[in-house]
Structure formats: C-alpha cells, structure tokens
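See the structures that follow.
Each of the next two complexes has chain A plus one more chain, namely chain B in the first and chain C in the second.
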Partner chain A sequence: MHEISHLQLQKNKTQMMTLFVSIGITMIFAMVAMGFGSSKNLDFLTSMKILLGIQESTGLQSDILWNLRFPRILMALVGGAALAMAGAMMQGCLGNPLVSPLTLGVASGAALGAALAIVLGLTLVSIPELAIVANAFLFSLIVVFIIIKLGSMRSVSKESYILIGIAITFIAGAIVSTLQYFATDAQLSQLAHWSFGSLSRPNLTNVLWISVVVLTLFPSGLKSAWDLNALSIGGDDFAISTGVNPVKTRKSILVLSAFLTSVVIAFTGLIGFVGLAAPHMSRLVIGNDYRKLIPCSAVFGAFLTLFADTLGRTLFAPIVIPVGVMLSIIGGPFFMYLLLNKRGA
Partner chain B sequence: MDHGETEFLLKLEQLSIGYEEPLISNISLTMYPGEVVSIIGASGIGKTTLLRTVAGLVAPLEGRVNLNVKKRGGLGYIPQKLGLVHHASVSHNVGLGARAGTSFREGPMTWVGRRNERVEIAIEQMGLTEKRNEPVRRLSGGQQKRVATARTLAQRPQILLADEFLSELDEDNIQIVVESVIDYVKESGAAMILVEHNTERAIQLSNRIFRLVEGELVEQFFQGGEEE
Partner chain C sequence: MNSLLHVQNLGFHWGKRKVLDEVQFKIQAGEFVAILGENGAGKSTLLKCINKILKPSYGEIYLNGKNVQSMDIIEISKHISYVPQSISSQFSMNVFDVVMLGRRPHITWNIGKNDLEKVSETLEFLGLEDFAFRKFDQLSGGERQRVIIAKAVAQDASLLLFDEPTSDLDLKNQIQIMKKINTLVSRENEVKVSALVAIHDINMAARFADRVLLLHEGSILQQGTPSNVLTEKNLSKVFGVTCEIEAKTETTPLRIIVKDEMDGEEK
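Our next item is the complex of A and B:
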C-alpha cells in the first residue's frame, strides 16, 4: 500500500472530484427540471426567475412549483438514490453483479400486496389512501423475511438466498396472476397502472416522509461499506479472518437494502433498472471500494432517475411516459455502451 | 474442571460436520474463558472443516454451534490459507482486524486512537515492527503467518480459532508468538481452539486435546508427554 501511496492519493483525489462534480450537476439539473412542465401559466424562464428570487410568483404558480413539480423531483432524487444504493449493497453482499434490489423478491412481494389490496380489498391498514402502499410495503418485507429465514436454514451460502428468492418470486407471481384472472377490468387496469413505476403518485407529505426514512438509513449504508469490502474482496473466509461475520453481515445488509427498496417502490410502483445500472456505472467510474461506491451509486441513481423522468414528461408532453419505462429505454443502451467500452479498453 | 457459575463461551451440541457426507459426527464440546483446546488428526480428516463450521462458514449437517459472543468482532479466525491482502502493507492488514474489533460507540476519538494503538501493539508483539510498511507479498511464509496472527490479536476476539498458525515458524518465533497469544487468551478470558499437527506442541499449549479419528472427536490424555 505504501509504495503506491502517491498514485493512490492522486486517484483518490480524482475520484472525490468526480463525486462532487456529479453531486453539483445533479443539483443544477434538479433546478432546471423544476422549469419543465406542461402548464401554460408557468414557462421555463418564469420558473427559473421565481426559483432565483428575481420574480414574485402567483398563488397558482407557486402551487405548481411546490406541490406538483417539487415532490416529483424530490421523489426522483430520493427514490433513485435509495434504489441505487440498495442495488450496490445487494450486489456486494451476494457477490453477484446481476442482482438488483428487485431480484430478491421485494418486487414480487410488493406486487402481491398491491394485488391483494386492489382485487380482494384485503388490506393491512384501514386508511384508504394508504391501503395499497402499506400492503405493498409490508408484503415485500414479509417476502424478504421469508427468504432470509429459508436461505439461512439449510445452508449458509449466498447462492441459497438468490435461488430461494427466485422460487418465491415465481410463487408470488402465480398468486398475482390468479388474482388477475378473477379481477374486474377496472381492477386490472389499476393493477397494471400500479406496476408501471411512476413518480407522480406520492404527494408532498409522502415524499418528505420517504426522504426522512432514506436519509436516516443512509449512514447505516455507509457504515456497512467496510463489511461489504471485506465480503467482496475475498469472500466469506476472508471476511471472517478480518473479524467480519459474513452470515450476520449479509443478513443485516439484505434487510437494510430491502427496507430501502420497499419504502420507495411501495409509493412509486416498480422501478427496477436504476438499481442495477447505477451501481455498475459507479463501479466503472469510481471502482469497487464500497466506501466510495455507495455514495457514488446514490448520486448516479438520483441523476439517472431524474433525467429519465424529466425526459419522460417533456418528450411527448402532455403525454407522460412512466419513469420505469423511460429508465429502461435510455438507461439500457447507455449501460450497454459503458460495458462494451470497458471491454475494449 | 468445575466451572460453577461461569458462563460458557462456546458450546458444540451433537454436531455433525462435513460438506455433503458427514466427516465427523456427534461432536460435543463446551469451552469456558481462558481455555485452550487443541485439535489433532491426520491430514484431510476434517480439522479445518471443524473450525469453519464453528466460524459459521459451513452449515452443520446436524446439531448446533452455540457461540456466546456479544461484541463486534468477537470471533477471531486465523485461517490455514491466511487470507491477507497481498498488495497492502502489514499495518494495513493488521488494521483490518482492529477495525472489526472496535465500535463507533466507543466515541469517535477513542475509536481511531484505540485502533492505532491496537495495531502497533500487535505488530510489536509479533516482531514485525521493521516490516510494518512492507507489502505483505514481500514477506516470507512465516512472517505472513505472524501478520495474520497480529491481525486477529488486534481484533481482541473472545473466541479465537487458529488453523496451524505455527507452521513455517522457527523455534524462536514460535516461542514469541505462542507467548503473546496464550497470554492474551489467559488475560482476556478468551477461549481458543487450535489445530496443531505437532502433538508435543499441542500438549505444551493446551488444557485439553482432542483427536479426530474414525469419524469421531476423541479426547486424549497425556502424562509427561506420553500417551496414557
């Protein structure tokens, strides 16, 4: 380590710069995104002037800015960051680059919860506006809990989590299909609508709550970075020889990332791709040290989601393309370009 | 030994170990603070497998492993294949153990201070002070063994598993290493399981000795270095 310390320091510096520049770009872009929208009462320039305090806003204008655009943009930032961070942590602790936050049955659990609420009216919380959200959240946690319990029962290998996750995904998927079979047309369309990830559903209060939860969990994510490094450098045997208990660590990181994911997708529906792509993009840019990879993934995830959503609501305005679809359309090719480029180098 | 009220640190209950087929069955063992147990047995019989099962890296085929460790980094493991970061320095490697064995809850300043202190002490105990900034790959086999031992000492574990950690060391170094490790176990009230191919050394180091033979764990009794 010491003979290469000079080079290492230089590299660290560049990486930190990259991280700060990305944060800056994301924040500027978030402000710019506040200017986009289909309302005739508020064009781009006026929005910018209001935000910069150059111009007073009318009641309607401030309503559009702060109650419509702001929650959506904040949701993109927070949701994207949370999903990307969860993705990075899951990839690290399961030692599998194909894992995303939705792989482990979190998504199918959420879908099952939503379907039960929509089709059967079977809800765990009696507040009507929150019934679907609460169901999606609780069922995704229940599913993860079952996976972790079963996965650690017979064997302690990380593959068992993935395999049981796949099996449970099929089972939950079959139940959802059965429910769809008996659902009315209205219920079917509501269910389909739920499963397209969308950032417009949560209101300002929801988004603020989600932000609080995600921000509270962020330090725990960072704290797990060392343990993830130990797990990903040399596997379980290496981890335990440095005093990191791989089995316990894996469980707690899975719970943490599942929690981050469920909090977001319960409100937004299924947004998957960012949790796979953002961590990989970060790996290419900043390397595999989780102390940098986790914050970097969060920033990339936030930017990617916001960019996709902004494009989705301006490209064919007033038609809005759901963010989940948009993410895959623009993220997919970009992701492939990065991967292929890396091979060539 | 009568342990009265003292709490056990480690309890193996009718444990059966192996990868698919059982290698050793019906292992029962309880260990208390300050105890050192040696495991001896032929190559390939399952000694490393036993340690890996105790460490939770292999699931038991039957029975259970009950570890009474509460603190972070409470289980220390010096593996047979050392698992060092070869391009990193000695102090970096030892620091990994210190990191796992300390907690942020001790307060940020004490945390960092205590870590560095632990690293320095462990490096000195293992006689590696002159090598502290060398990358591990430039060290000899015996020196690397000592780095792995220092890493685990810096972790201050309550249960210490060591897999042939004295092989490749010369007599002088063995004495240095053995003294530090055994002192640590006695002073901190840790428990240690040691896999050792040298029976005489096992007798010298431990309170009890077990031999893995014919699929069983059998306690051995020696008197004056001779088997009874």
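Our next item is the complex of A and C:
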C-alpha cells in the first residue's frame, strides 16, 4: 500500500477516535448532569448513587430523576444534535458559513404559529398544552412547504433560498410584532417566554417521539455526506462533474434540515446559536469532510446544548436561565476564541 | 469506428443570444483536442453542454454512441470529467480528500482500498504527494489547478474536459500542466484517455494538441491539425490580430508570433 494511503487511513482512525471520545465525554456529562438540580430531596451524590445502582431511590427521587431531569437532558442531547446537524448540512449545501437552521425562516414560522395561538387563540388543537406546539410545528411546516415549492423551480439558486428565508423572517416578524402590539401583558410574557427557548416544556413522551424522528432522519443526512462534500468544496459545476445533481441534492437537504429544525423548536422554542456554532467547532476539530462532520456536529451540538442548559439551571438555582440565552452567553465567546485561535495558528 | 465523442449540430442560446450554433465535431480515443476562440466564442459553454452542466437548445451529443441527454449525471461522471477554470469555496479540505471526490461516481459511501490507492497514485503522478495533507485553500493557484486535475484523473473518466486550465498560472506552471495533460492522453492504459481543452494560448495549443477546433462567434470556423487551422487568415479573423507563423520543424513546434491588433477595416 502507498505511504500516502497508509497515512490517510491513520488520519481517519484518529478522527474516528476523536469522535468516539467526544461521544463518551458527552454521555458521561449527561450522567453527571442528571445529578444537578435544585431539589433538596435529591443532591448530586445521591443522584449518582441511584444512577449507578448503589442506592435505592424513593418514589419522589425516582420521579425527579426520570420524569423531570431525564426528559430535559435527553431533549438537550437530541435537540442540540438535530439543530447542529441541520446547521452543518445547510451550510454545506448553500456553500455559506453564515447559514444556520434559522436562516430559512423555519423558526420565524414557528414563532408566528406560537404567537397566533397565544395572542389570538387560533389553533387547530383543542388541548391547551399542545396548542402552541401544534401551531409552531404547523407554521414551520408551511415554511418547509415553501422551500419545497421553491426547490421545484428551475432557476432557483442557493442565494434565492437564503433571500427567501430572510423575506419569510421579515414577514413573520412583522406579523408577530403586530400581534404583540395588541397582546395583553400576560400574553406578551408567555410569548417572550416561548421565544427564549426552554428544554423543560416537552414531557418524556414528547422527547421520546422527537428522538425517534431525529434518529430516523439521521441516516438520510449521513447518506448525503459525499454530495455535501462536492457541493461545499467546489460549487455546482464541480459537483455535477463528480456525479452530484446540485438542485435535487440542495432541495432534499434543505427540506430534511428544515424538518429537523421544526420538530425540535416547535417543542423547545427558539434555540438558535447551536446550529451555527457546533458545526464550526466541529470543522475546527475534525475538518470539513461531511462523513465525519455530520456525526461530529451532532455530538458537539448535543454537548453544547446540554452544557448550556445544565449551567443555566444550576448557576443561579432555583432561577433557571433559558437555554437559548445561556447558549449565546457561553457559546459565543468560546466560539470566537476558537475561531481567532485557529486563524492565529 | 465509433467515436468517443460525437457532437452533432449543437446549438445553445442564452435568451435570444446565440452562444453556440450548429457545432459539429468528433473526438477519437486518445486524442488531445484544443478549442480556441475569442472571448465569448462559446468555448466554456460547449464544454458545459458536453458535461450536461448546461442543456443544449438543440443538437445531440453522443458519448461512445450513447446520447448524453439520456444519461444521468452519475453515469456521465464515470465517463467524463470536467476541470473548471478555478474553484473557490468558503470551506476547505485536505488535498487528499478533494482528490478523493473524484472517486465519488464509483463509490456509494465507504472508501475501498482501490480508491485509496487510485488517489495516492494520482497524487504521485501529478507530483502532489508532499501536498496530500495540506489544506486546499492554502495552496498556490498552480498547485490548486493540479489538485483539481488530480481529482479529474482519479475519476477514471475516458474524456477529460479542461476549461482554460492555464489561465491563472505562471509560465512554468502552464507548461507543466499542459505536459501532464499530454502525458495523460498518451499513456498506454487499458482505457485510452482523450482531452478537450479550451485554451487562449495559441502556442500551447499548437505545441500540444493533435487537433484544433477554432470557434468564432459560436460556430466552428475550421477544425484540423494545428498547422492547417492556425493560419494568419484564420487568426486575424477570430482574434483581430496580425501575426507571423513559423512552420513546425523536426525540433520546434509550430510557432505563432502575434504582432499587433488589426484596424477594423483590415479585419
């Protein structure tokens, strides 16, 4: 075997090791995070003992662990992974590092849906707990539908997707602002709370369903890794010459990413930064090969979201800082440090 | 004998503007064919139509007797590889990974040992072994061009299309690239490789090409050996310059010395 092939295989092994170590660290941290909380009935050590099977749990302790903390932590892992994966794929297929899952206007659609439910009570579902979620999901799906229609037009370019996304964001934002203008104080507060993003809203059943959807869609994303490599590195003509249909690929990847985003933010509210930062952090660590970048972004996204949420609910406990806010506060400077450090190197 | 490529009565319009009109030619296996023509003559458009990047307005393109329009992109990419003038991207990869993209038409997801070996061999062939693990965006223009050519070679295609491969390069790199293309088409491989090269440098075309297609305003003015096509009259008509031709000898290639631009009346 050529020396270069040998070196490439070694490099692949190192990258796979990095990925597995990152998964390991995230899983260990997820277990540790199960120990953090403001309950006086369940301190950190007791939580760890229960999780490791050293100590039996009381009914209340079991409830706190499995019905409160576990869904929240699982939602952080699954939601963070889904948004980061969507962000990485969208950046690649649009050839633009500034793109995030919120660029296409999916989140603005969800916010409009939530605002209609909160302020006007316009909803398709009569169950109050699900009304906002259902509306947010429905309106984000309308944006996905617009993306599908846009992708079917012959002359659509990658810039068109971004511009249409910006237009949708402005239109939805204007309607939400109008609704806010007429909303009561209570409605305004509820709407603001929704837009902060929170992982405590979905219950265990919701989170398990979201996990199933995300895990089912994950292989489709991974399958498009080669196409994303060709598109992200050389643009449309280069992609065609390597056997990739850029129009079809872009459409299917954007729909997949937008759907992943919808599923998550309909339940959690706006969580934005992870979809931009996690893919870039992964690029710095593992490179731009999408066969490794997609899983790595998912792991980094999961870790980042879980870390931000754990910090947000323990730093000023019992006050909880919303995960969306925490992500931007701690993720932003860290992200800038990584980028500047890399540029310097 | 079936030609490798047969372009029949090809036309391409951008709106009402005719970019290509009734272009016809054939390429045999193992041929080095240069496309020459003024700016806007339709050289790049012709290459993009052959590779199905653009859809012709009329006419047919046959590859090994099969109509290109009836083939899907992945099938075409197993036979035709296109080298754009340059690529620029916001994201970068290692040189090895960029060249590995040439194997994309032949693999589903996993990279096999054969693919690794093919990429390594290609990197060595193009003198890029020392660059294998360097970032693509940190290379010079000439090195990048060689990497893109390496990707095309790794693709194992029988027809290579080059869109002005020497346009951004210094003199040494220009000669190196043209020599590599020449070596590729003259290699005694199982599958003979042909090259169709859109180029501005008429002396490079005269030195390396077996045949020249001279495009003028979207149509082929003349095609044939460099000596037959690159005449003072043809060059004056296409490029609007006066020139002097030094005939090919046993030791020196056909040489064209461009003297001056022509006045409108002279042309």
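The working rule: the second predicted complex is superposed on the first by the 334 of 345 C-alpha atoms of A that agree within 3 Å, B and C clash if a C-alpha of one lies under 4 Å from a C-alpha of the other, contacts with A are read in each partner's own complex, and residues count from 1 in each chain.
Please note the rule applied: contacts are C-beta pairs under 8 Å (C-beta built on N, C-alpha and C of every residue); 3 or more make two chains touch, one makes a residue touch a chain.
Just so you know, these numbers come straight off a predicted model, no measurement behind them.
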Superposed partners chain B and chain C on chain A - clash or fit: clash
Touched partner set for A:Asp237, first chain B, second chain C, both or neither: both
Touching partner for A:Val247 - first (chain B), second (chain C), both, neither: first
Comparison of chain B and chain C by chain A residues contacted: C
Touched partner set for A:Lys40, first chain B, second chain C, both or neither: neither
Partner chain in contact with A:Lys223 - chain B first, chain C second, else both or neither: both
From 134-142, 170-178, 188-196 or 224-232, the chain C stretch with C-alpha clashes against chain B: 188-196
Contact residues common to both interfaces of chain A (with chain B and with chain C): 1-4, 223, 226, 230, 233-234, 236-238, 240-245
Footprint of chain C on chain A - complex, ascending: 1-5, 7-9, 11, 91-92, 95-97, 223, 225-226, 229-230, 232-238, 240-245, 283, 287-289, 291
Residues of chain C touching chain A in the complex: 48, 51-53, 73-74, 76-78, 80-84, 87-94, 96-98, 101-102, 104-105, 107, 109, 113, 116-117, 119-121, 123-124, 129, 132-133, 136, 151-152, 155
Chain A-facing residues of chain B, complex: 52, 55-59, 72-73, 75-79, 81-83, 85, 87-89, 92, 96-97, 99-101, 104, 133, 135, 148, 151-152, 155, 157
Residues of chain A defined as touching chain B within the complex: 1-4, 154-156, 223, 226, 230, 233-234, 236-238, 240-247
